[in-house]
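Presented sequentially are two complexes of subunit A, the first with subunit B as partner and the second with subunit C.
So, the complex of A and B:
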C-alpha cells in the first residue's frame, strides 16, 4: 500500500515538471519612433518561463540582443539610452491573475491578465499587462502588447532628438514555450 | 526486512529526485541561474571608439556591414598667428573621405585631401575581435594597408612619374577596451615613400601609433592620437604627430574637435610631413565630422 502511494506521489511529481514551460528563443520587439524616424528593435533570444501550476511567469531579456535596422541606432540604444554595459538585462516576473480560467491541456486562446514587476534600465516597477495565452498541442504561446513610458525607467531623451523619439515605447511579446525537460 | 528497507529507500530517492528538481527552479533567481549556466554565450566587445578613426589614425573600431561613413575633415592654420589670422581659421585644409563596411570585419576607404591634392585608399581588416564569455579573446587585432598618390606634379619632368608620387603604408592595430570608459590601442606602422625630398631622407619610416579614449559621458569622450616615429625620421628632427581632442556624438553625427600639430590627413602626410612643433606652440585646430549612412538595412526588426 505504502509502495503504491509512493509510486503515485512519484508519478505526480514527474507530471508536475511537465507543467513548466520554457524557451530561450522568445521574441520581444519594441517601437519608439516618430513620423520622422522609424525606431524598432527586435530580440529573438528572450528567455521565458511559465509555471502552469503556480501561474508564475518569468522573462529575461538581454539588452544587447536587440537588433535594429540601422547599426548606429543599435549603438545608440545600447550606449546612450539603455546603457547595456551597466544594465545588461531587463526582466519581468509576475503572476497570472486569472489562472483558473486557463486550461493548459486544452487547445485554445485564453485572455490572460498578469501583474508583476518589470525591470528596465535598472528601474523596477509594478505593472499590469493584459495579453493572451494560446495553447496548441499542449504548448503555450504568450502574447501581449503594452506601452511603457521611457521616463518612468530613467531613460533620458536629449532635447536635440526629442522630435524623433517617442516618449512611450510600444512593446510586443510573442514567446512560444516548450515543456521543460527535467 | 532489509530488502524491504532498501526498496523503501530507492523509492524515496525516486520520489525526491523530481521534487529536488522542482525546488531548483522555484523562483526567478534560479531561473536566471539556469539560463546563465546553460547559455554562456561569447559576446563581442563593441563600441571601443565612437568612430573608425581615433583622430588621424585608424581605430580598432570597424564600420558595420553595409554602412557608409562620409567623413569631412578640416585642419586650420597654426593658432600662433593670433587674432590677425583668427587663430588659424583663415587657412583651412580638408579631406573628404568615404569609408564603406563590406562585412563587419572588412572596410574599404577612399579619400582626397586638398593638401598636395592627394588621393588615398585603404583596406582595413579585423583579424580578431575582442570578446567576453566562452572562448573569448582579450584584444582586437586589425590590419590596414593603404596607398597614397600625390596628384600635384613634381617640377622636375624627369621625376614626375606616377610611381614617384606614390607611397604605401601597412599597419597592425592591437587594441583593448578596458571596462566601459577606457580604450587603448597600439599601431605599429610602416610607411614607404617611393621618392623622398632630400637624399638624406629615408624611404621607409616606422612609427608606433598610440591611440586612446576616455569616456566622459555617454555621448562625449577625450581622445588622444599620436605616432612617435621610431625609425626613418629626418635627421635632427624630433617631431611627430600628436593630436588631442574630444569626441562629441549628436544623433547621426560624430564630431571630433581637436588640436594637432599635423596638417596632413592621410597616413603618408601626417607621418612624413608633420613639421610643426608642439613645444613652439605650432598647433592648429581641427575637426572631423563623421556621418554614417545605412546602405544595407537589417530587415528583421519584427514589426
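So, the complex of A and C:
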C-alpha cells in the first residue's frame, strides 16, 4: 500500500514538473543603431521559465553578459547607458493571455500574447508583447520581437552620439526551453 | 619648401595620424582572451560548491578570467554561435559559457557529456530565484583552455 502511495506521489510530482519548462541558455538580442552605425548586443545566457499550467513566463537577463562586436560599445553599454554595476539585471514577468489556445502536447506554432512587467535599468513598466510559442517534440520555443523606447527606462543618450543611437531598441527573443527535471 | 608649407604638411600629417588612431580606438574589436593567462582554474563541482557555501565567492570571481574543467550538460548551437552549459544532472546549478564567435570552430565537435576545459570572463553569478534554476555562473568570450 505504501509503495503504491509513494509511486502515485512520485508520478504526481513528475507530472507537475513536466508542466514547467526552463532554460539558462536563451537568446535575447537588441539593436539600437542608425544608418550611420550598427549597434547590436547579443546575450545567449538568458534564464527563462514557463509554467504551462498557469501561463506564467519569467525572463532574467544579466546585463554584463551582452556581447558586442566592438570593445568600446561594450564598455559604453555597461558603464554609460545600462549602468550594469548599479542595475545588473533586467527581467520580465508576465502571463500568457491566450493560454487556452496553446496545446503544449501538440507540435505546432501558436500565436501568443503576453502581458506583464518589464524591468530595465531599474525602471519597471507594464508591457504587452505579441509573439509565438513553437512546440516541437514536446518542447516549447518562445519567440518575440518588440521595441522599447530607451527614455521610458531612464536610459539617456548624450547629445554627441544622438545621431548614432536610435531612440528605440528593437528586441528579439528566442528561447528554447526544456522540461524541468523532477 | 617654404616654412609655412612645412607647417601645413606637418599639421596635416598629425591630423591624419590622429584621425586614424581615433578610428582604430573606436572600432577596436572585443578582446580575444584566448591567449590571456587565466586568473584561476577550477572544476565545475568545486566552484559551484564554493558558491553554495560562501557568497563572497562572487566578488572573488566576478570579472576574472576563469578556466573551468567539467562535463557538458547542454549545448546550444546555431549557425554562428555556441553556448555551453557545464554541470551535472544531480543539480540544476551550472555554468553558462558563451563561446567567442572567433572560436566556435574549436567547439564544433563537442557534444553533451563530453568533459572539457574552457575559459572565459565571468560576467555574472546568480542565486536561485524561486524558479528552480539553481545557482549560475555566466562567462563570456569563452575559448578552449590551453596550458
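FYI, the second predicted complex is superposed on the first by the 170 of 182 C-alpha atoms of A that agree within 3 Å, B and C clash if a C-alpha of one lies under 4 Å from a C-alpha of the other, contacts with A are read in each partner's own complex, and residues count from 1 in each chain.
In this section, contacts are C-beta pairs under 8 Å (C-beta built on N, C-alpha and C of every residue); 3 or more make two chains touch, one makes a residue touch a chain.
None of the values given here were measured: they were computed from a predicted structure.
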item	value
Subunit C versus subunit B on the shared subunit A, clash or fit after superposition	clash
Partner chain in contact with A:131 - subunit B first, subunit C second, else both or neither	neither
First, second, both or neither for A:176, with subunit B first and subunit C second	second
Partner chain(s) touched by A:64 [first = subunit B, second = subunit C, both, neither]	both
First, second, both or neither for A:161, with subunit B first and subunit C second	first
Touched partner set for A:49, first subunit B, second subunit C, both or neither	both
Which superposed partner A:72 touches (first subunit B, second subunit C, both, neither)	both
Partner chain in contact with A:25 - subunit B first, subunit C second, else both or neither	second
Subunit B versus subunit C as contact partner of A:140, first or second or both or neither	neither
Superposition clash, subunit C versus subunit B, among 56-64, 74-82 or 110-118	56-64
Overlap of the subunit B and subunit C footprints on subunit A, listed as residue numbers	20, 24, 27, 42, 44, 47, 49, 58, 60, 64, 67-72, 180
Of all residues in subunit B, those that touch subunit A in their complex	7-8, 11-12, 14-15, 18-19, 21-22, 25, 28, 31-32, 35, 38-39, 43, 46-47, 64-65, 67, 180, 218-219, 249-252, 292, 294, 297-303
Subunit C partner contacts - residues on subunit A that touch it in the complex	20, 22, 24-25, 27, 42-45, 47, 49, 58, 60, 62, 64-65, 67-72, 74, 88-89, 176, 178, 180-181
Touch list for subunit C against partner subunit A, complex	25-31, 74, 76, 81, 83, 85, 89, 92, 94, 96, 98, 123-124, 126, 129, 131-133, 136, 138, 140-141
Residue ranges of subunit A in contact with subunit B within the complex	2-3, 6-7, 9-10, 13-14, 16-17, 20, 24, 27, 29, 31, 40-42, 44, 47, 49, 58, 60, 64, 67-72, 75-76, 78-80, 83, 85-86, 91, 93, 158, 160-161, 164, 172, 180, 182
